[in-house]
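By written order: A, B and C. Residues from 1 in each chain.
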Amino acid sequence: MPDNSIVVDRLSKKFGEFTAVNEISFETKKGEIFGFLGANGAGKSTAMKMLCGLLTPTSGKATVAGYDIASQSERVKRRIGYMSQKFSLYQDLTAIENIRFYAGIYGMADKDIKQQSDRLMQRLNLVDYANVKIEALPLGWKQKLAFSVAVFHRPEIVFLDEPTGGVDPVTRRDFWEMITQTAAEGTTIFVTTHYMDEAEYCDRISIMVDGKIEALGTPEQLKTNFAVSTIDEVFICLARPDANKTN
Amino acid sequence: MKKFRAFVKKEFYHITRDWRTLIILLGMPIIQIMLFGFAITNEIKDAKIAILDLARDEHSTVLIDKILANDYFKLEAYLTHSREIEPVFRKGKVKEVIIFEPGFGARLEKEHSANIQIIADASDPNTATMLLNYTQAIIGNYQAEQNELQHLPFSIGIHSEMFYNNELKGVYLFVPGLIAIILMLVSAMMTSISITKEKELGTMEILLATPMKPAVIIIAKVIPYLILSFINAVIILLLGFFVFHVPVHGSLLLLLLEMILFILTVLSLGIFISTATSSQQVALMASLMGLMLPTILLSGFLFPVENMPLPLQLISNMVPAKWFIIIIKGIMLKGVGLAIVWKETLILVGFMAFFILLSVKKFKPRLA
Amino acid sequence: MRTLRFLLQKEFIQIFRNKSILPIILVMPMVQLLLLSFAVDYEIKNIKLIFVDQDHSHFSALLQSQFTGSDYFIISGQTGQTQEAKNAIERGTCDLVVIVPPGFEQNLFRGGRADVQLIMNAIDGTKAGLSSSYATGIIRNYTKTLIENYRMRSNMGIAPQYKQIEANYSFWYNPELNYKVYMVPGILVLLVTMIGAFLSSMNIVREKELGTIEQINVTPIKKHHFIIGKTLPFWFIGMFEFAFGLLLARLVFDIPMVGSLYVLFSFAGVFLMVVLGLGLLISTITETQQQAMFISWFFLVIFILLGGLFTAIENMPAWAQYITKLNPVSYFIEVNRMILLKGAGFMDIAVHFAVISGFALAINALAIFRYKKVS
């Protein structure tokens, strides 16, 4: 258990007749960057929401940080961070106000909040923008801030739902540097993305197709298994099995 | 034109997919008109009174019976001491206390003059005066009965004719008012919200980026609400006619056209609100807080405008619902035509033009 | 408790930073309180009258002077034609027509009986009824004076055996029948209710629409902390507005405050919990601000029109009176009046207090129950 931060066993979610997630199983290790790939509508977000305790599973079992997601979801929430696809910091608050608010909700001590938020503002080069509402900040800055807020309370696992959507390549690289650094400090990173170059940065990746996990392994393993040179090609083989015919 | 149709369809899907909103939109006005049509009335019925009879003789007993035989009053408490008057009022139920002096009947027989004291709870002045009038009328009748019919040298007969509302029904006044209020709030709120919502969620930018003209986009957004509001108006009209027997004496066509005109006026107000605000929250608060009470109070729906002080009468001219209520009362109850209500109609057209102009002015810089 | 502090801090910052919503919350209600309180007056005066004198006699002119001398009527036109007067009613420039037909004086003194015709616009039934009784009263008085003069001249005097009942009256709590005393506290209640209900009903659903609620839901925050954090700021705003409005009512309209303000404010506090709880409940069961706003509008219109302020609850049919028992606003309007005007103490309003506390508990419990962090 100490090694595995997430353990998923035949987890399913149905919305009426529609099966969004179909008996997926996997594990992630502590401090690992786990890339959770899949086409739009493959069920990534649904699976992630179940792991974060936002959705109750229809069947199957999963533990996050050692707690059952169905029966102990509030305990799970204490140990995770989450950054949703939709930018979800308060636009009408300043960066520091957002940080303070979430840190407070996670029960951090006032002194820690003060020290660490000051340090974070410096690291993000936001000191000059301390009094600016974040709606006025560029998207890339906002995304970096959102990530920093998600890991501010030092969660064991952080879930990132397409964190770099719409962000320029330079900021994306900065962003991934922050991710690797956080992972190095021992936090498990669970990330979904559409950028296949980003998938290469992951320790291991899984690819979901129609609610099922069709491939799981390190980027190198997958490329070897499918006998292709990029993850992009792996993805196309899985997601669009008829792609070769049409081309 | 094809694009335009597609657009209107999209808006319709927005509304009809969201079945909750649809039920609310169509169902709530019906519930309200039924509720208010029956419940809002100014006619006094079963007002609770208390009686303190210090005489307890034949005259006082008979007079009390006469008072209580009336539909207006209902005996809540029979007091025995003047000490009990204050507490009974403070409890809030009793609206009037009638006190017969000791020896009431004896004095009436011997001295030909006796006293009754009436105390009314004037914390509600309207009810207080009405109750007092009724009580005095009953006492007056009793007094007249007590005096043998004297020969009067002459009399004047009064023939009254009540125009438009023979039975003095309250609904005649309230149904037109409710149509105005419901249309006002439904149309103004729904449009202002649906447009600001697109602004807030950023979808407006996408729409503006399409080759369609902004005016067309707005019109397409508004058409479904126009149709919905119109359906609402017709439903209320039918309910008024079949349930409350509020007649339509004038031209039905004219009535419907005037309704459409009012809906358009209010929709353009909604558009104006949405161009002037940036978030749904502000649009909502502005249209709800800004329109709700002023429309109810200044439109002449509950309180006659001519009773208000002059400055307020002037302000009431800025409430579109006031003009609309004059128009529909005229058409429905008096049976008048455009020859009589053309002025009010023009005023509504003026309002509409004004709001549209303002919106266009406000809207332009956003496109630049 | 610490979590609560951060929640409150955040909500307050958001409210006070929003420059366009602040005036709507704080200024608009007070302006409306000051302005609209002048609008609500049931007293019927300035009845527009046309006196159609077709007799042109001394006694018809005398009758006309009785009408022109009355405070209730204003002469709005001059005509000898009945049809023209009726047209004026149609146009709305006239409420009441008094027609004295030709031969009025002759009939009165030769035959002992003459007729007068009243025509009125009865769309507003109450107004028509009152106009009619004012006019009838004037004509009766006129007849009485004629009879008395006649008797004086014929030395008959008033018959001594005439029995008379003196009905003295007094108006308690508001001897001058000042409508503002009655209306201003009521309108204040409505404004506070609207502010509270609208703000709270849009609050959570706004976070849903903007997506920020998801970020909240992945935190270990307790449901009741969240609901309290969402309620308290609006509770403070509501209480502040109530206090400020009361102060204005006192300074501008000289509204009496007979009873204990402590009791009044305790009641206001519990009442606001009901309103805010209802708003939050609406917020939790809706998906968009549009829906939330529409449902709260629906309830508020009912609360306002069936609150007993504009039309008395006693006049409503029995079933509607039962509905008003569920209407928190009707309790508050009544309590407001009982305390401010009649000086009712806590014991007098104990039942109201118990009922409204019950509402507050039930609706807030329901709101907490309905708010789901996990779907």
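Going forward, a contact is a pair of C-beta atoms (placed from the backbone, for glycine too) under 8 Å apart; a residue touches a chain by one contact, two chains touch by 3 or more.
As the structure is a computational prediction, the values presented were derived from the model and not from experiment.
Counting hops only between chains that touch, chain A reaches chain B in a minimum of 2. Of all chain pairs, the one joined by the greatest number of contacting C-beta pairs is B-C. Remark: chain A and chain C have CA centroids separated by 56 Å (rounded to whole angstrom).
Each chain gets a centre from the mean of its Cα atoms; for chain B and chain C, those two points are 11 Å apart. Of all residues in chain C, those touching 2 or more other chains are 18, 210, listed in ascending order. Looking at the complex, you find that chain C touches chain A at residues 2-3, 5-7, 9-10, 13-14, 17-18, 210-212, 214-221, 373-375.
Here chain C touches chain B in the complex through residues 18, 20-21, 24-25, 28-29, 32, 35-36, 38-46, 48, 86, 89-92, 108-109, 112-129, 132-133, 135-136, 139, 142-143, 146-147, 150-151, 159-175, 177-179, 181-182, 187, 190-191, 194-195, 198-199, 202, 206, 209-210, 286-291, 293-295, 297-298, 300-302, 304-306, 310-312, 314-317, 320, 323, 334, 337-338, 341-344, 348, going by the rule given at the top. By the touch rule above, chain A contacts chain C in their complex via residues 52-56, 73-75, 77-78, 80-82, 84, 86-93, 97, 100-102, 104-107, 133, 159. Against chain C, the residues of chain B that register as touching in their complex are 18, 20-21, 24-25, 28, 31-32, 35-36, 38-48, 89-92, 95, 108, 112-129, 132-133, 135-136, 139, 142-143, 146-147, 150, 152-170, 172-173, 181, 185, 189-190, 193-194, 197, 200-201, 277-282, 284-286, 288-290, 292-294, 296-298, 302-304, 306-309, 311-312, 315-316, 326, 329-330, 333-334, 336, 340.
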